[in-house]
Structure formats: C-alpha cells, structure tokens
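Chain nomenclature is as follows: A, B, C and D, assigned in order of appearance, with residue numbering initiated at 1 for each chain independently.
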Amino acid sequence: MKAAEITVLEEVELNNPIFIEALPGVGHVGKLVADHMIDELNAVKFAEIYSPTFPPQVLVGDEGIIENMINELYYIRGLGEDEHDLILLGGNTQSLSPDGQYIVCNEILDFVEQYGISRIFTLGGVPIGQPMDETRVLGAATDEENVELLKEAEIDIRSNDGGIVGASGLFLGLGIRRGIKGACLMGETPGYFIDAESAEAVLLKLAHILNFEINTEKLDERAEETKEMLARAQQMEQDLINRANSGNADDLRYIG
Amino acid sequence: MKAAEITVLEEVELNNPIFIEALPGVGHVGKLVADHMIDELNAVKFAEIYSPTFPPQVLVGDEGIIENMINELYYIRGLGEDEHDLILLGGNTQSLSPDGQYIVCNEILDFVEQYGISRIFTLGGVPIGQPMDETRVLGAATDEENVELLKEAEIDIRSNDGGIVGASGLFLGLGIRRGIKGACLMGETPGYFIDAESAEAVLLKLAHILNFEINTEKLDERAEETKEMLARAQQMEQDLINRANSGNADDLRYIG
Amino acid sequence: MKAAEITVLEEVELNNPIFIEALPGVGHVGKLVADHMIDELNAVKFAEIYSPTFPPQVLVGDEGIIENMINELYYIRGLGEDEHDLILLGGNTQSLSPDGQYIVCNEILDFVEQYGISRIFTLGGVPIGQPMDETRVLGAATDEENVELLKEAEIDIRSNDGGIVGASGLFLGLGIRRGIKGACLMGETPGYFIDAESAEAVLLKLAHILNFEINTEKLDERAEETKEMLARAQQMEQDLINRANSGNADDLRYIG
Amino acid sequence: MKAAEITVLEEVELNNPIFIEALPGVGHVGKLVADHMIDELNAVKFAEIYSPTFPPQVLVGDEGIIENMINELYYIRGLGEDEHDLILLGGNTQSLSPDGQYIVCNEILDFVEQYGISRIFTLGGVPIGQPMDETRVLGAATDEENVELLKEAEIDIRSNDGGIVGASGLFLGLGIRRGIKGACLMGETPGYFIDAESAEAVLLKLAHILNFEINTEKLDERAEETKEMLARAQQMEQDLINRANSGNADDLRYIG
C-alpha cells in the first residue's frame, strides 16, 4: 500500500492551470470554499487521492451511504479574461501524521506538476478565538511579487508571526523547492464554528486576484448544512470522550 | 518483519463466502458476537494474522498461559437455506497506529478476496454514553441496495452523522475501492461495560439478514466472564496511571 | 539506518544457553537484577544493540562521560550442576514506539537463536500502587510445563488478568511463534521507587529455578546508587514540565 | 521522499573542520549562538537539509515571505592561531519524531564526515525553571580528554544526572559509534524566555575552547527581535489551544 494512491478518472489537458488547495481546516473555511467553487464553476473531478496516512475511518453520508476519507482533484476551465484553467484540491480530510502530510502533499504536487501548473494558492482559516466585528483576510507568499499581488487585493500581510500548519503551508513550501511560486489566503474566523462569512471573504479575494466572477449567495445555505452534520458528529465524539473517564480507554479507540 | 504475517492453518475451498468483521471495540460488542458465533456455529479457524502494528504486549490467559495479540480467521459452512459459507474475522486486538489499521485491513482483505468473498458485514458498538431503555441496532452501507436490506431488517439508518472508526469502517471503505459491497451493524451501548444485550441485538439482526438460526442463551454467561477478566485488567491499568503521578513516567511505560 | 544494529564484540560458542531478558521497567526491577547478575556471575558482554527506535537522547554518566541508549547481551558460563550457560539481555532502555518494540525484540531473538537458546525467562516488576507488607513474585508462562515449574518455585500464577507490556511480554510471545518456551517472573512493587527488595525476590526465584547460587548482599547498595541518579534526572524532568506551563512548549522538547 | 534531503550549495574543501551543532531548543540558546556566529564570523552557507520528519508547516518571515522548515550547514574559515575551520549546523527546527531525530542526525553526520570533521561540539540550554543570579555553563563529553578540556575552560561537569535530549545528545552519541569525540556545552537558563545571557555564556566558553575571538555586543539586540517574533507566534498558538476546548478538535489541527 503506497503512501498516496492517485486514481486518474479522466485524462485532460489544461491551459496553464493554477493550483488551488482548499482542504478542511479551521472553521471549515477551505472546505466551504472548495465545495462552493465546485458547484458554481462547473468543476469536473478528474482524480482521487487515497492514503493510509488519512484517519483510519469512513464517514456516514447522505441516506446512510459510507464514504472513504479522500482528497479529490477537480479542473475548472476558462476563468477570467485570459481563460486560464484551475486545478482545485478538495476532500474531506488531511493526513493525520506529520510525515504523512509531507509525503502526500509531495505526491500530489508531483502529479499536478505534470499538468504544467504555474502558481499555487492555498486557502484556509486563521483562528482568532473570539467573536469578530469584521472578517479580515490575511496573506503570505513565497516571494515579493506575490506579496505585492496580495497587497493590491487589500489582503493584510502577516509578518514574522509564526507558522502555517498543514497542507496550506506545505504546498507552498514544497513549491518553493520546485521553483513554483504562490500565496496563502487565510480568513480570520473565531474558529469554533463553520464560518461561511470567512469563506466568502476568502473566496472573493481569490476571485479578485484570479479575475473571475462567482455568486456567493448559496454559501450561507451550505454552511448551515455543514453545521448540522458536524453538530451530530461532535456530539458522538463528546460521548466518546465522556466514556473515556468511566470505562476502559482501549475500548473507546474504535467504534467498530 | 512484515506489517501483517498471515499463517494459513488449513487449506479450504468456500462457497461464495460472506466476510464478517467482529473485532474488539466499544462495549466489546463485536468480540462477544464473534466468540459466540465461533462456539455455536462450529466455526473452524483456518488462518492467523500477527502484526507489529498490534499493541506491544501479550495477554495472560487461563491458568497463567500467555497469548499473543492476534487476529483470527474462521470459516463457517452451510448457513441458511442457500447454504452459503461465512469467513469470520475475530481476535483480541486491532492495530494501534492509524496507518497500521489501513495496512493490516488491506492485507486481510487481499487474503480473504482469494476465497471469492461476495459481501462484507462489519459489526460493532456505538457508544451512547448513558443508560438505555432499549438496544437499537444502527446501520450504514456502501450502497443503496444494502441500505434497503438493512431497512428491511428494521435497522435504523445513520445519516450524515460522523464516522465509523477502525476496522469496522475501513473494511467497508477498502471494499468500496475493490467493488465489494457491504454494511455495518452497530449496536447502541452505554459503552462503559461489556454489553451482552447489544451483542445479542446485533447478532439477531445479522442472523435475520443472512438467514441463519442461532441460540443466544449463552451470550449472557460469556459476557459475565469477559466482565470479570476486564475488571482485573482495568484495575492494573488504573494502578499504573495512579503511579504516573508520583514516580518516573518512563518507568511506567512497561510492566516488563 | 536499520531498526536494530547488532555489533558482535566477541565470537562465542555457548552450551544450550537460556535467554534472560532484564531490561529497565517498573521499579527498575529488571535492570537491578541484570546489573547484579552481571557483577556477581562474571558476565561477559559479547554484543551491543543500538536502534533509532530507542529514545532520541544520550545519558550523562559518571564524571560527565556520555553514554548511548543501548541494549547489551552478556553470556554467563557454567551455572548450576548441569553447567548450562545463560545469555542475559540488559541495557538502559527499551524501544519508544510500539512497532519498534516488536521489530527490535524480533531482531534480538533472531540473533540469540543462532546460539541455540532453549528457553526464555523475562524479568520485571508489577506495580501494586501502594506500600506492601511482603514482596510476592508473580508468574505466567508460554505452556503448562513452565507454569508447573513456576508453581514448584512457589511463584503465584497470574490468570486472566491483563497483559504483560513491552519486552517482557514480547520475547515470550515471539518465542511462542518460534516454538521456544519460557516464562515471565514479575516482582510486585509499589512501582514509584527503585525496588531492591522486589529485585531480590525475583532474582532468588530465578536462581532457584535455574539452580544457581548468588549473593544478594550488594543489591541494596546498588539500589541506593540508582535511586540517587534517578532523583536528579527526575528533578530535571520535573523542571521541564513546570516550564511547559509558562513558556513555548516547542522549546521544551529538546534540551540541546 | 527521503528522510533527509541534503542540497549542496557550494563545493568546498575544509581544513580539519570542527563540527558545531546549534539548533533551536530550550531558551533558544543554540539558535541564538548559531545566528550570532553566522553574522560575526563570515559564515557561508554551503548545504541545506530538508526532511519530512520536520514539523509539517512553513514559517511566515519578514514582509510575509514564507520559509521552509530547514537545517543549514555553514562553513567558517581560519579561526584561531591554528586557522582551523568550522562547520556550523543551524536552522529553524529539529525533527518532530524520535526516530526522525536519529535518522536525520545520522544522515547529517554521514555528510559532514566527508569533510574530515575531527571533533563535535553541541550547544544548547539547560532549563533551571526559576530566575537565576548567574549563568553557569554545564558540560559533558564523550571521553575523559574532552571532559578535561571543559574543566580547563571552567565549565561545570554534569555527572549521573539524566539525559541530553535531541540533536545535542544524538550527534555526540552517534559520534561515539564512529570514533569521533566531542562535548556538549549547555547554558543554564530559566527556560521560559529567549535567553541572550545564556547564549553569550555558551558562546564565550566555546570561543575560549576553540581559541577564537568574537564580539557579543549584538547578541542582546538579536534576542530582543527573536522575543518579539516568538511572542506573536505563541499568542496564535495559545488561541488555538483555547479553541480546542470549545470546538471540534479536528478542525484545529491545521490552520490551512
């Protein structure tokens, strides 16, 4: 079993695609953006990534149908005036182990590099830890030119203030080593709920930078649905944690 | 040392076997079902699985005899009117590490696929975290047809409510990738004791779906025995934890 | 870098040696027994085992001289009336990771099997968690014959009461899979200090079973020395933990 | 992806170089010393080490520019009267996993051994856990000769008092196995802030032993800058931890 198994669903040729990472993370900002872009921009799934470094579980989806933990690659054609293409990385998980993160991100980058990606944007949330009046989008980039691009889009530049953890950081770091430039857009979010406003702010900045239009009306609706699903999942998780104080901890490692 | 070493004890040919996973987990539901089926249905052990991803320990069993941490495959012949066979996966443990779970489940599935398995059922408990009036059996499946099958058996379908962690989830997820369908039967259980009632409820639903008869009288008795054994083990574990607050934590990692 | 690097210091031939595992663990019982046997029985070190699965550190020993984390194999010749030989496994550590435990124990067993080992005894402590009036030695074994041997030595047999974690369990479990029999001798100990009495009790039972004589006078003295060294180490560890509440936790992972 | 990828930036020949490890750790003592030596002694970076065992993240540096987690090798030519060279190991991280520590240190040692290194010095802090009146430098070494050298420099020798964890310990331990001798210099530090005084004390002892001169004026200034950067990073980390008590813990694993 390889650290990342990539199944190609459709052979495509893309026009100078930009690579967008939007995996689940703080406030589900990245995932909300990915789900919304997939729906609104006629994204087509062309590859799936499966890995033993993902959490050892499945999800129960609509109508009791089981879904694997997975990352997915979509293409979106002809955005903006210059009709460039996008490759969008979405999914329901990130690798659980630190070295799994490196290995899976590296394999995905190997794969999408074949399509001639010219730049990388990674999307996510930054937890603020308290209610906010307005939703700022923060940014950082691999080089000065991209920092300027962020500033022009009125994104606040982070500076000397810690790290970007997980796929949103690693894709940019691995990109630097390959000479592929890019930037990270991070929406501020209280961090403890599904934040549609933060996702909208990030999405609008991305659309501005990449010069495409997108309707954000349904984002709220989508956030509502995600909220309900997660509420149930968290309740189950909390029950597990409660039990851990009164029973045999070993029993609680697996539902199965 | 390979991630999973499978020792074949008997070469057998089986008639379209259904694969049943019933490893230890919440409320020991899966393990109770496995142990009971092995006794009542003349199960024959035909393979053993040993792995460095299992907990690094042995168990002290009856009369001071030491047992390895192990998974075991049994076959059961000629159940129901159509006289189909079963392959039952039981044992005393699951892999400790997340990637170990993936790797060992995958190797076991490679192995049982050689016997031409046609479907997968995974059994376990769902922790409710409080005393219950009645024991419901919940279900989820890889496809609509199997969801219908569960509904016909009056099993409550989970929907959009989180994950199935460990072997009970992974065997179904790995099955999906190979085109093998299946379902998970989960007995509700308070989760903090050995739950014979939950095991009985799961077992009766399975017997109904797979169309075989089984006497469940001795399940209570078996649960009693398991309860006593675990009580002692938990006491020892608690002592270890208590010591961790007053001594050198490093010393406490190993009894040996 | 291999999971276990075994350096042979002396080529020896041994007469039907019995393999004794006495690595550090609860109450430092195993290590105390190993150190005492090495001194009193003219043990000769003939191999060293080094592994990246050991804790990533060195120890500061006498006079500021740095020592690697290491396991060591000693031989002891001509014990008892039948003049059998022993191979003794001592050292200052066990593997940190669960699969490291399996892999290193397995490699060591591969190595000592070349010397024709006929039986395995593993030594350790069982934490009781409270002061005790007398020090019992508990036992378990791979087979009935060895359980009988323990009973004849008036060792209390554990039964259905949990696990033996770490090297003391794994060597016996791995032995079962190779057809090598053996037993575990565990001295009861409060568990939160260096327990010379528990080590003495275990050592005397072993000497009785293996039919050799040993002077235990210096065990107390040795326990005193170990106690002092550990007290200092624990103080440093405690300081580290205290700091973790007021500083950057990342800084505290490494002294270096 | 290899456990350590070493990129050579410049082919150099060095004169009997001494290898200095000064990676981040307690009180940032090692890192402060490295940064200061690099600036003051005309150090030239000649190799970079990148590893999937490092934390899965990037850092946001000056002006929003993203930096990879990395270790770096510098050479410094012609120090002291005998004009010996140094190889200095600096960077912004150490391996996260225990076996990663062993593997990466071993690969780095393989690499620098090609330059004919004759000795190893490792630098770091020892956490005292409380304010101190004076900053002592403690030492330990691989052999008596180097212990004497430390004593001559009025360094206090640690003895029988625990371990040296991480790269500062492992380089010396791995050196012993290759016949390369060395010593560890550890500055006492409260441990919960960036300690320029401790770094200065360690640096002056090293300069004394290796017979070179260095101006330490700017160390305070540098410590101030590091303090500010870390304060911001710690605030973000604290926010994350706060959120972990009120939201879905899974969300908090990744900012991205």
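By definition in this document, a contact is a pair of C-beta atoms (placed from the backbone, for glycine too) under 8 Å apart; a residue touches a chain by one contact, two chains touch by 3 or more.
A quick note: this is a predicted structure, and the numbers were derived from the prediction, not measured.
**Q** Mind listing the chains that sit against chain A and also against chain B?
**A** Joint contacts: the list comes back empty.
**Q** Specify, for the interface formed by the sequence copies chain A and chain D, whether it is same or different in terms of residue numbers shared by both sides, with half as the dividing line.
**A** Answer different: the two copies use largely distinct residue numbers here.
**Q** Give, as an integer number of Å, the spacing between the C-alpha centres of chain D and chain A.
**A** The mean C-alpha positions of chain A and chain D differ by 34 Å.
**Q** How many angstrom between the C-alpha centroids of chain D and chain B?
**A** Whole-Å distance between the two chain centres: 48.
**Q** For chain D, write out the residues touching at least two other chains, lowest number first.
**A** If we look for residues of chain D contacting two or more partner chains, we find 233, 237.
**Q** Answer with line, ring, star, complete or other to describe the graph linking chains that touch.
**A** ring
**Q** Hey, which residues of chain D end up touching chain A in the complex?
**A** Its residues touching chain A are 1, 50, 52-69, 96-97, 100, 228-229, 232-233, 236-237, 239-240, 242-243, 246-249, 251-256.
**Q** Considering only the defined contacts, which chain C positions touch chain B in the complex?
**A** Spelled out, the residues of chain C in touch with chain B are 21, 23-28, 30, 94-95, 98-99, 101-103, 106, 122-129, 139-144, 147, 150, 157-170, 172-173, 176-177, 184, 186, 190-193, 230, 233-234, 237.
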